[in-house]
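Labels A, B and C are assigned to the chains in the order they are written; within every chain, residues are numbered from 1.
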């Protein structure tokens, strides 16, 4: 039972990550391989604050979101000048720099040793410490961020995002401040990813750089792409699918020592296969094939 | 101190330059970021490890075999995965994502088979440095620099003088025009993958003899190659090589003032600066922006 | 209405627009003609902020707008279309017009998140969009994908999008070239209707008959320079211009 709940908790956390990245990559067309950096910011802010200042769960969350939001402004900046695959490379750069900070700023982050001992969250006098409670907590936040994003993408705001994805020049000619929108989606998407980082930190009670590598970013973008860029439901499916499939391998008796590798091999091949045969993913509303080709 | 940093920079730069040369060649013809280039690099080093350290094949045979193997892997990736996607009209972004997937698969396959720990193929080779202008450099490192320059010259020669090299340049310049002129772009692209992958393997093997090998080695090399290509200027082959050298130097001279663990961060800051301020690099053509 | 002073723009040594000065009168239809490469579209791009001039100024209602971002210029009341028909083809005709709607609260992050006054606004927006679609005669296509429309209908849709922005000045790049004569007549009639509503129309066109029919003023450009300005009956009779361009 605990194992099952553990998997469900992870799925909840990844739903927050994949849906928030979908806002950036799927709806606005800004393919980013830096989402694990925002995720990491949320986790590290949580870890550092609660260890050094004993701050509460919600305060950690808000401050993590604020820092990630600021990072969002910075990461969005290159998208004003460079596009498509060049922008992907730029996000790669941010991911690597942030990872480098987590890993090398030893006096702050303890480097590869990580930060242990993050306390369990307390909300309204209640301590969340069982798997069941953590499941409820993460489910609440996953649902909340899903509803928030779905409002956003189905509003006139979302209409502008899709216009920017399809034709930035047209959007500008219609009087839309493309710069502002690109920045806003990175701020919102990044802040939501920080929520996931906060939940992860409080749940595992330990953070280290290995959880926020570029491979993690590739995993999250794979969830978005395989689920379907431009479909929030698709991102939920993508997250659940990529978390569950490797777990199924355990049932066929795969030793856990190699599970991590097999898991990555699996999602790597899925990414290749989807790109080859179904670039729009399970539920995508548009094909990435169009992206890039038309905005040139 | 400064001399040693310069020498170290040139050594690192020579490797980056080779990776960038191959990566740039592939980018110029196929017009997408082939991230699996990093995987091909790692495979090259591990093939050398299998052939020379595990099977004890003599070096003069095992190393060319490893290079050939990596080159075959590169062409196979193009043939089996990228080409069908190109025919379907996949955008550069879709190809990039696929190449990330390929990269992830190969890196994990290697760490599954060989484990994450470092392996050594240096064996009996002695690492005894000589003094040059107050800097210490090993024979392997001298060879590394010489081989790198030699391959740059050979590659430039192939591109300028041979028929297939000219076809490759034609495709790089203008795919449609090349098609009109009767150049088979698929063949040229395949050739670019072959040469580019071989260059990556040579770089990896040189590094393997200088330091050690790990499954993660390709990732860093690839990223440095990408940065070098952007710094040097996309579309320019001499630019890619020059970019690699400059990046190596910048990274190692940076160590003068900063602790060495920030070398990667330095490289990525350089990348962002170039992307924002001079996206066409030193020698490259102007980048396409969103056109009105 | 809009005025350009001494405007110049070069691309790699070629002077695409060369010291152009021009004053467009309010509530009139002005057409810009000239051979390909005369600098007509570049002039539009300079006027709407998509390109920055090397020198010179653009004044809109007496205020300098040079250096403003395209979206800022658009919000001041200048709508434009593009030669290559920019539209969001993957969404419906109606949604394209909705997208163009001016000053939408729902486009602000806060309002979008909390659905603050969006529903009412959306309803009004839809009514306005339907009225515009009726005005250009696309009502029956409202629910179709924009990409499914014919070429001429797509041109009408870009015009509809412009109108949804409630502009005072419309800059239209080849609004009638290559379309069915029936739709052409309709578009020209729309121009005259718009002027009656107090709007100013400037359009680039190669179709001389269309230019002759509706223009109050014709501007002739060649090699980046304005070579003639005047009423169509005088300009289009000028032997020098007829020889240089019309033949």
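Following the convention adopted for this analysis, a residue touches a chain if its C-beta (ideal position, glycine included) is under 8 Å from a C-beta of that chain, and two chains touch if they have at least 3 such contacts.
Values in this document were obtained by computation on a predicted structure and should not be read as measured data.
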item: Chain occupying the most central position, where position means C-alpha average; value: A
item: A-B compared against A-C, more contacting pairs; value: A-B
item: Label of the chain whose CA centroid is most distant from the centroid of subunit C; value: B
item: Where subunit B and subunit C are represented by their mean Cα positions, the distance between them in whole Å; value: 49
item: Where subunit A and subunit B are represented by their mean Cα positions, the distance between them in whole Å; value: 30
item: Distance from the mean Cα position of subunit C to that of subunit A, given in whole angstrom; value: 41
item: Of all residues in subunit C, the ones touching two or more other chains; value: 50, 82
item: Residue list for subunit B, restricted to those that touch at least two other chains; value: 292
item: Contacts with two or more other chains, residues of subunit A listed in rising order; value: 169, 290
item: Sites on subunit A touched by subunit B in the complex; value: 31, 33, 77-78, 81-86, 88-90, 92-94, 96-97, 100-101, 103-104, 168-169, 214-215, 218, 221-222, 225, 258, 261-262, 264-265, 267-272, 275-276, 279, 288-293, 295-296
item: Subunit B to subunit A touching residues, read off their complex; value: 32-33, 81, 84-85, 88-98, 100-105, 107-109, 111-112, 219, 223, 226, 230, 259, 261-262, 264-265, 268-269, 271-272, 275-276, 279, 287-292
item: Residues of subunit A that touch subunit C when the two form their complex; value: 148, 151-152, 155-160, 162-163, 166-167, 169-179, 184, 188, 285-286, 290
item: Residues of subunit C touching subunit A in the complex; value: 48, 50, 69-71, 74-75, 79-80, 82, 86-91, 95, 98-102, 104-109, 111-113, 115, 118, 122, 125, 161, 165
